[in-house]
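Working notes for the structure below.
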Amino acid sequence: MALGGVIDGVPAGFSVDFDQIQYELDRRKPGQSAIVTQRKEGDKVEFLSGIFEGKTTGTSIGFIIRNEQQRSQDYDRLKEVFRPSHADFTYSEKFGIRDPRGGGRTSARETVCRVVAGALAKQVLEQKGIEIDAFVDQVGSLRWSGEWNPSLREIRENNPVRVPNEEMALKMEEEIRAVRKDGDTIGGCVRCIVTGLPSGLGEPVFDKLHAELGKAMLSINAVKAFSIGSGFDGVSLRGSAHNDIFNADKTTKTNNSGGIQGGISNGMPVDFRVAFKPVATVMIDQETIDVDGNIVEFKGEGRHDPCVVPRAVPIVEAMAALVILDYYMIHESRRNF
Amino acid sequence: MALGGVIDGVPAGFSVDFDQIQYELDRRKPGQSAIVTQRKEGDKVEFLSGIFEGKTTGTSIGFIIRNEQQRSQDYDRLKEVFRPSHADFTYSEKFGIRDPRGGGRTSARETVCRVVAGALAKQVLEQKGIEIDAFVDQVGSLRWSGEWNPSLREIRENNPVRVPNEEMALKMEEEIRAVRKDGDTIGGCVRCIVTGLPSGLGEPVFDKLHAELGKAMLSINAVKAFSIGSGFDGVSLRGSAHNDIFNADKTTKTNNSGGIQGGISNGMPVDFRVAFKPVATVMIDQETIDVDGNIVEFKGEGRHDPCVVPRAVPIVEAMAALVILDYYMIHESRRNF
Amino acid sequence: MALGGVIDGVPAGFSVDFDQIQYELDRRKPGQSAIVTQRKEGDKVEFLSGIFEGKTTGTSIGFIIRNEQQRSQDYDRLKEVFRPSHADFTYSEKFGIRDPRGGGRTSARETVCRVVAGALAKQVLEQKGIEIDAFVDQVGSLRWSGEWNPSLREIRENNPVRVPNEEMALKMEEEIRAVRKDGDTIGGCVRCIVTGLPSGLGEPVFDKLHAELGKAMLSINAVKAFSIGSGFDGVSLRGSAHNDIFNADKTTKTNNSGGIQGGISNGMPVDFRVAFKPVATVMIDQETIDVDGNIVEFKGEGRHDPCVVPRAVPIVEAMAALVILDYYMIHESRRNF
Amino acid sequence: MALGGVIDGVPAGFSVDFDQIQYELDRRKPGQSAIVTQRKEGDKVEFLSGIFEGKTTGTSIGFIIRNEQQRSQDYDRLKEVFRPSHADFTYSEKFGIRDPRGGGRTSARETVCRVVAGALAKQVLEQKGIEIDAFVDQVGSLRWSGEWNPSLREIRENNPVRVPNEEMALKMEEEIRAVRKDGDTIGGCVRCIVTGLPSGLGEPVFDKLHAELGKAMLSINAVKAFSIGSGFDGVSLRGSAHNDIFNADKTTKTNNSGGIQGGISNGMPVDFRVAFKPVATVMIDQETIDVDGNIVEFKGEGRHDPCVVPRAVPIVEAMAALVILDYYMIHESRRNF
């Protein structure tokens, strides 16, 4: 069993920084800290095509990531039961067959592939001066509402929650430890800021930039909501207060728009939030049904995350990078006419 | 100037109910009530192909909607100014050219096409027992948190706000009147419920059902956020409380999942919310810039909506219908193997 | 009843030459000369969006072409019969319903839309120095095997067959007249040459440039074959004779490749041929079946083309322009990294 | 270095016949007979996902094929030269970088992936009674014009040329041996017949069934032409002779249409031909240029095919199977409304 994929459309001649790809994989991997799952996964990526002597060739980049520590036996008892709020039931309904082993399509482990592709996209975007930073801004009811700036990167990476504030990091870590102690899980939010993006990216009508960003984020396991700029909070404002007033240099005094107007980037930072539900697997007895519809008790075992958001930060960045690079290239396709 | 489009992929031999299409257009049109814009738009659709003797032929359905009351002169003064929080600036940046006339791609009037296509999709889905109901559940800070059921349809359609509760309708109407009196605007939310949907719709990984629904909603003008099921509120719950416990009949006792698990429908109602920012055009002087970067005052004139959500209800339903029918057909493509 | 469509992706700010679009429509229209159908069609295009003050705005270009002389009664007798080698039967089988009126999806009249979009694409390509010339090189068994050069354009446009040779034009015209006199039809070939194309256009593996050109040509009504460069004739050559030997300036001494190697343009003229079968509607009694499977006699009536290839020349050019511009823009999307 | 890919959209619950996949790979592999290249390639496929306990799960099927005998040193001398009529030059022009090793995107070895996916598609189609048979019908100027029937399969597989006629097989083999003795290469044609296909497959206008088949075939390395039914030969026929007259049971007396009318299958066998140019690598000194534009001599070395068509038979079948299954599923998506 392995994960992998094909990355198409990467410009040719780009020098790949393999260490940076591994760095992003390490940010996602289990076992990084005391507050995430202690499952060990190697997450070593093997590139099979599309890179020659360290440079992209312009053709498809194939890669695989072997699952070195797969323990199929862990999953035997999952064969007969539909865990509550898992995809067990829906995959069974859809396909009539289900692969209960880890690393499959319903496992969040598939996000490792997104991180590989996204790490590559981030490198390409950095050359254009575009930087993507995500961070945790909420765990349970604890929310950090400060403003992001790049000098906070070090704080973010030096606490296990990946919140860019030391005091809040301690509180959130404490909350996660308490939840874990109870065998339970808790949700959280990731906020993402894209800076250096030129104006003009995004397509009219159905393919607005924030619509595609929203789809990309909602496709990540456990995500239940997406907001851009003022989001749900903006609905209670009046237009006169919500409008982003221009400065003479075409920047705006506020950024309720989240860097996008009418689906097209306006040159301000793109700013969005993503909500992750609490992980469904809890170490507490819960009622559920087996595949025959009998009511049974089920309790999670092993090495699950009490809170997924610290490990979701590189995944959000990866998906953002993929969308932004796509739209950058679409924009390039028409720029020289 | 006209709006229109091409609807592909509609099954053949379907008897089109043209009155129902007009009914949906009338729900979207301006001038329906005292609390929406008094602009008059005919919104009569002309079908050009794909329908023969009242039935779909299976080939592309082309249609146009003429803008009978276009007043280009209204837009002359918009040529030289970038209105705050409008797409004026981003379209100008992207394309280097801008069509200031109404009915164009930056005008919310383009949603009339979505309503035509969606009305057709709704009809097809109804034959399969799938019903889509949207309604307003928030205006400004006023929120109705009741539970939807089809018997509320009449109440919803009989108040100008399209909230399914008479008491809340009066409060919200009052709020909108107050906002309009100030020449200002206010945001709101639309909630949408899809019932009768079979389990198994949605595609793994990137094309999860709620991801595509999210993209569709975020592509509607003025939308800033999308949530499915528990959404942003779910992040503060613990997993043990958030999990939807199965009944023996495979329904669930709660619906925090919003009818979708792992991107695939589970047979429970699909339940999502969409946030609309306050309309940017306010009848109040605001500072902005002209195309040369000079700071100028700008004040909206004419016939704009103080609150867009009552008219957004049929648009949300239309986009939901288009996504659901697409996924229904994708599922059908593999069902008989 | 009308034809029309939506053209997406056209670069913004391009000054549209409407006369040139009409010129291409006139090259395709019926009734141009004594050897094509005498059916009269206005073919006036109305642009509905995407063009403002004569320039493209970058957003979707919608257009319609009204069918001014539709005579539905002509088609009444076609309702009950499946004409041999027409799409009557297959549309009926596929959709269970069939629109027998002209201008529908099975009528070659839909190619008028291809000509509109292609005329626009040709204009954009001309700005980049890329020129597309098609001409008739075969009618029945008569084949002109000369080499194309732009000075032949005048000859091509000044004979009704659109073959770039006056002597052959007379022979072919005579052949078509003889065929028409018998109430019969005859096939033919169109050859197309694209010059000024830079090297590097085309995508690896499935989306090779000539593969997409082939698909585009095979999608035109009545087309049965496509060849690039040496085509079917090349198979009987040995590799040593077939290989195109390079000159020092990277051009090649021969062009058996047809300007494409490995699916990517090599800077030489792209050179392909398209085979059109004889039109199925003949003014001769033929046996066929009605919708109930009874064997009946059928004889065409009215105003059909004895040979379609003279009018196919602008259609082939249009489809080539659309493919080439798409690939040009795809190439642009990655060029500045 | 490895080849591989991802197969999406395969219906779930399908029992995979791995031996049949290996059988198809063996039909494509080098070294099968004295008249093809003696290069040894293992061509063992490893499935990484999407198959569980021998059955498809409905999710993406990832696979890789390791190149066990890669000898990169073979390719060192290719780095500095542009071989005539190879993709060396165009890849270099397009991407500015080129991977000279075998197994890359310009090598015909990539077709191994097409065979894996196609073998799977063939199995699915066989369950629906659809069978796909390709065979060689031309080598150089030698053409077999007999009619195909399934009883010829054994003859086809028992001669190294894969022509379904023993006498012609000997002549063609003799021709290929003569060509090889001269260090040269020769082209040929593959004909393909699809039987058991229901009527109604294919989409109007741009996505006609034969258009997509044509694109699929033209995307195969070395293919220069595609024809359906009467193809180029049909152009010299009159319509009255070319028309396929219906029998009372809706079959037709002739099949000049090649089983497709108006882009939609009519229930008769789909019948098309594909032209392969002679392989460009000849064991004969030819003039060419190096990467600096200097004229140099180049002579192929090692283990190349004198005639590629015998090994192209399973590739043509594979690509046909992929297209047919796609269109079958598209048709299914609308069938139950």
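Lettered A, B, C and D in written order, each chain numbered from 1.
Simple rule for what comes next: a residue touches a chain if its C-beta (ideal position, glycine included) is under 8 Å from a C-beta of that chain, and two chains touch if they have at least 3 such contacts.
Not measured: the values here are computed from a predicted model.
K.L.:
Which chains lie in contact with each of subunit A and subunit C?
P.N.:
B, D
K.L.:
Write down the chain pair with more C-beta contact pairs when A-D is set against B-D.
P.N.:
Counting C-beta pairs in contact for A-D and B-D gives the edge to A-D.
K.L.:
Whole-Å distance, subunit A centre to subunit D centre, using C-alpha means?
P.N.:
Each chain reduced to its C-alpha mean, subunit A and subunit D end up 40 Å apart.
K.L.:
What's the distance between the Cα centroids of subunit C and subunit D, rounded to whole Å?
P.N.:
27
K.L.:
Taking the mean of the C-alpha atoms as each chain's centre, how many Å separate subunit B from subunit D?
P.N.:
That pair's centroid distance is 47 Å.
K.L.:
Give me the residue numbers in subunit D that touch at least two other chains, ranges are fine.
P.N.:
Answer for subunit D, listing residues that touch two or more other chains: 12-13, 58-60, 94, 105, 204-205.
K.L.:
What does subunit B use to touch subunit A in their complex?
P.N.:
The touching residues are 82, 84-87, 89-91, 93-94, 105-106, 110, 138, 140-141, 179, 182, 184-189, 199-202, 204-208, 210-212, 214-216, 218-219, 221, 224-232, 234-240, 242-250, 252, 256-258, 260-267, 275-282, 284, 286-289, 293-295, 331.
K.L.:
Which residues of subunit D touch subunit B in the complex?
P.N.:
For subunit D paired with subunit B, touching residues are 9, 11-14, 58-60, 124, 127, 204-205, 329-330, 332-337.
K.L.:
Show me the residue ranges of subunit C that touch subunit B in the complex, using the header's touch definition.
P.N.:
By the definition above, subunit C touches subunit B via 1-6, 12-13, 48-49, 52, 55-60, 62, 64, 94-99, 101, 104-105.
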